[in-house]
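The chains carry the letters A, B, C and D, assigned in the order they are written, with residues numbered from 1 in each.
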């Protein structure tokens, strides 16, 4: 376990985020004794891998570093003796996300690529792949850390740790980073003078903030951000800026995350999404266009630094967080981070063996979350429901059982139950057929008996 | 505590259900050494009390019993030395329920008088009254049992036990009775040859069924009731008959209760309710008409038995269950009943000190629920969410805090969040002003600053 | 699963208790459609099996019943298609119990055949055998109920259910039966007019009692049994009658079981045991003599009923409880019994998946315990410690790890830690060598390196 | 809450530890903007306060600091506007500890001034006083932090937080400090390169250790400290050095604390204590002599630094830990410390609202413990038992109920039950009469009815 001459592997290396990752490593060159960087992708991502991979090489070269950058479609070759493996892949690429969002929206239902109908399907597609990767890792790099920022990061991390048994997994998200910056800015204090405690699950967490005199500033931040005088402004690129109800948030007594808008003010969020859908500007479509522009930039043989445009991508800070996590493990830096990790009672309201997103220092043996304890009833109930839904989604993803999937759709608060749940589920199954081998039998049955479902999906996707 | 020569008190004695209650007592005349029956009501219910009270007297007389029936508006006089107190009152009478249902439906939102927007307001109106009754009981009949079947029965019972501290409270509901009968009928077996375990909260429970050979029949019942070949038929008068998804219920592995339709197939339930609303036939309106007819019948000086028409009222079996509960306590009968009672770990997924609705024998010292344990994740999450919502509603009912009420509306899955939650909350507050003294200040503020809210409510109620 | 023409198997059929068991079946002949009774024993028990087996045949014949009684050393033949399997075997026979008691007592330490040093060794010897039996049952009688009354009944039942995975196991003990009778007698009320709730683990439970007016009589019983005016008298044949401290029991607020003497008043219990040891009258020795007398009686070809002397054996009621449990399962009698069964949250202070001893009706699908909830702190702590000890013993019994066994000895409150724990452990390992294959390697090591241990054990056993 | 110009108060300021405390403040003069130090004591401690107080003044002066040192018997004057209050008082002075230890030992029972019979009586004497102090603080310094290092530190801290409601309390102990140093030394690594997690309760905690490569070193430390080749050496001055059983500790999988000797190897510890008792060298007697010598030194008007001899006192590092805790709160230093603080689920095996001793950074708003989770069964059971005992002791200390106190004695594993428990309890009650007003009635009764008890105590104390 002498980690010098590091081999760092990124699965989904052809992603447009890769330059941020490379920049993150370069920034931490004194902390990370990197020898090799391996960018892995699949056949369909070959071209993107080539483009962004060459750019990565230019970045490393421009930094004057002796690191070698390897591009490969051979995952097993890359994993061999790896020290850190980060995952940022997207099964089915952005086209899958377009389906995840557009099919529900065509019925007036939120797609929401993390916790909504779309997010559940992303989990169905991704979880079998992450479990496969872990099987390879057991054989090829049994001591490596797995840093997951593939969405839905909470469910994918839970599958990896609880079902795959890979204890050395940490899930990451950029949402808390934005909230930290927001608080510092609103209070006009340096971020590192504040103490933050986040607790919840991915894209569904709350936080509290203290200053260095020991005073809790949470209530004041609620006033500043959501109070009558505030000009609420979401710091997230990908979430529409609808104001929370000030009185409710005051009663909550904690700061919500941006994604709580989908649960606390769902009608307005839905309305906005439907407008985007009508204009052909769902988030996935916008991102696809942005990506196309980014890859055009990346092709420039003179570009050897992360272009500013990448920050508009929405997932900014994600990759930097991954680099910091790796650096903190590598050097026992004990950086205070917000990580998806095993609960083990940190949040007493949630199952002992589930995955939660919480604050704590990242040590050389992994995250050591601060204890959180219990939530007040209104927050407790809603997060328990989300966790029950997540567990049901993960079970469906692994077992490929249609009833379980329908159950997950039924209890998911962003999806209506009844006929609509079944309609959406059937259409999404058909639409994602090639990436859902575990549901193959049921999909065949739908295709055989519900021609209207197949027709609807084809028509919608063509019109895209 | 020598309970002979019983004094039994019914608060809300002017209810149209009273004849069923009286019939229940008469049926159990050998078990219940009744001396006095006191029917209590308030000024607004005076006339109904007189009508139904006289009928009660005729019923007792026809049964040749020496019991005296007392009609009074003086609650304290009635409570003095009472042995059993049953509560079936409705603060604001059926007109309040009409508001509870029609205001939300006018915006296309379910009112739902138990767990929806309407149910939350029923809790706001009722909980302060039940706590007042308990204060009187502490002084006037400190050993009496309180048998609550005022809705929302779960929240009212939780307020009584947890906040009022009245340990000798049992909450009752007729829903489980219907499900027992349904199972027996579908399996073509006598009901008492089956063993039932119900678990959940009021109007949100599941059940499992075994036969006397020890075989669990739950899965078979799911097939019979919800399977492809079944002709699903709700046994509940007041719940629209929409089929559950068979695959989901199979995955659930327990039998749902009728009210789960509002959560599992909400769109269809909403659609149906909106149709009723448009026809002026919301449940409250239908009930009001039924009640009017019943009271016409009750006026008949020759009627001295419970008329068949009462069974159409929807709450049938409620009063009989109350009589059986009293008889079981009185005689240590240990009748297996489903009762809202202190959790104390019976359902490990819910707070230790909350109220749950579970199965068990009713002994002379009260219900002794069978242990239940944990639910599978999808059921666990959704009931935990409901309990968190209930606790928030109870807190709002006691504290009269607007933010807490808004928070309850926000997390209640039958109410959309955002602007709509606030609109409904404000309108319902204004509409129920006279029965919500704890919210007086906020209601005054709304009336002063939101004339459109006041106007909307007035207009809607006039058009009723 | 049509259980008519029952095949009932008793493992350890050569026990002196068998006549009580046969008597119990005969008493319930109308409830139990028995076809065959199989008494199984091992080579060493062959002679006793022949004696008691013949007597069983005479008893059945005298009762005029058509049942066949089979005696066999072939366990698998007996288990084939069995409906009920009861276990009352003793690995190593009474000689093993003599070692369990005398070796500790020779050092001035309690042996105590259920929870003390002796009990732990009984668990080490018994648990591998019960797991073997279950393996046979999986193959030969997958639907049978396993009724265990082999001590330590709690740990053996936990091994069967949690580690063996045999859900249809119920553990029985006669201690609660005695306490029920005692309460009825002290209150001068028929036993069936009282309602009992027992909770705890085998030989370590407390109980509360209510009468049929709903009044709790626990405090009154504490006064009657343990108060200043009482003449405390243990109803248990095998537990020395030392008075509890009245003030402590009043603070406890529940009735202790007889075995609590070993924990609450350990010095006096130890003193008494040492006296017995010195006189060569440890419980095992007394029992061995009683058994010898019983088998002499059993040999009488004219004896065809359970002799009165059997009641002095100490375990009286055990077998009758087993018959009642079987009859209650068979007929869905729902007899209120105290059974070792899966906790599943019945006692919230103990692990969800452990085995507890609690009250509840025995239905056709098994025991349905009444929920208990939490204990007050002093009771909570001590029973949690006992359960932690039990789990450690079971782990040691399965894994055969010496450190785990030493850890169990160290935390067991009836065994001193330090040098004495190790001395006792080593001596008992050597003494029981032939029945502890899982510890073979360590025992060989002790024999090779600690001749004084071997010598001490030989000498002590010879002097017996 | 602008904490500059600090007023720091020490209750029990006449303690021999005070010079370490003063030295600790002086060492941190750049972090602690102290204005006033108040040393408070009671009439009986007046002389010691004068001696050590003058020395404190000399130390401050020698350091060239402008701080004023105030000596007072007026606690309320001292508490007025205090910022930090530390408590190191001993109700009944060292003579009380002598009784705590000698009375049990005269019967061959451990006194053990923290968790044994002595510790329980120290709790009985101390808890009413700490609750009184808190009442004063509510009025006089509502924002102050209470830093408790009065033993039994765990129970006193639990009384302060849970019963006194003083959330801003932190309990401290020097035992973890010694274990940190021991681990660093054994591994030959700087202490700050190791990551420690301690969990348990005061004087009953375990710990795990990681190095900066992420490797857990716990097993290696078990080998080094307790393995066959080790020369075990307790780092604690006040605990006799008996070796743990290596195999048991390996099975435990965590490092024990020194006090676990009293539980894991009680016989040897008792034997050693009895020897000390016979020689008149119980720990209390030794400490009393040490103290006398220290106060002789302190009288020296030229001594203006902490004398080396103080380190032999046993409680070394205690005061320095208190200073570091204050400095860490004051400056948001986030020093990783082991503190007695509210559990809130940090250790899931223990009650949510109890006090535990755990690791975590000390922030400006107090300790933020790292989550710990669950223990393995053998450790879980024994600590749960200790916590149940602690809760019972605290209840007895507050209520003054004899039965509760007897119950605590009965379940405490260091005290035999039965007649001995009662004997010890009665004798200690009589011996400490003047400091146990809550038990006055019972003590009077004992004095009136048990002259032999009174005589025994008098005789023993005279012979001291």
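Operating definition for what follows: a contact is a pair of C-beta atoms (placed from the backbone, for glycine too) under 8 Å apart; a residue touches a chain by one contact, two chains touch by 3 or more.
A quick map from chain label to UniProt name: A, B, C, D = 6-phospho-beta-glucosidase.
Quick caveat, the model's predicted, so the values are computed rather than measured.
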Intersection of contact partners for chain C (6-phospho-beta-glucosidase) and chain D (6-phospho-beta-glucosidase): none
Per Cα centroids, the chain farthest from chain A (6-phospho-beta-glucosidase): C
Inter-centroid spacing, chain D (6-phospho-beta-glucosidase) versus chain B (6-phospho-beta-glucosidase) (mean Cα positions, whole Å): 55
Distance between chain centroids, defined by C-alpha means - chain A (6-phospho-beta-glucosidase), chain B (6-phospho-beta-glucosidase) (Å): 43
Centroid distance [mean C-alpha coordinates] between chain C (6-phospho-beta-glucosidase) and chain B (6-phospho-beta-glucosidase), Å: 47
Where chain D (6-phospho-beta-glucosidase) touches two or more other chains, by residue: none
Chains that touch, pairwise: A-B, A-D, B-C, C-D
Contacting residues of chain B (6-phospho-beta-glucosidase) [partner chain C (6-phospho-beta-glucosidase), same complex]: 1-3, 193, 195, 197, 210-216, 329, 331-332, 344-348, 352, 360-361, 363-366, 368-374
Residues on chain C (6-phospho-beta-glucosidase) engaged by chain D (6-phospho-beta-glucosidase) in the complex (per definition of touch): 242, 245, 247-248, 250-252, 263-269, 377-382, 384-389, 391-392, 395, 401-404, 406-408, 410-411, 413, 416-422
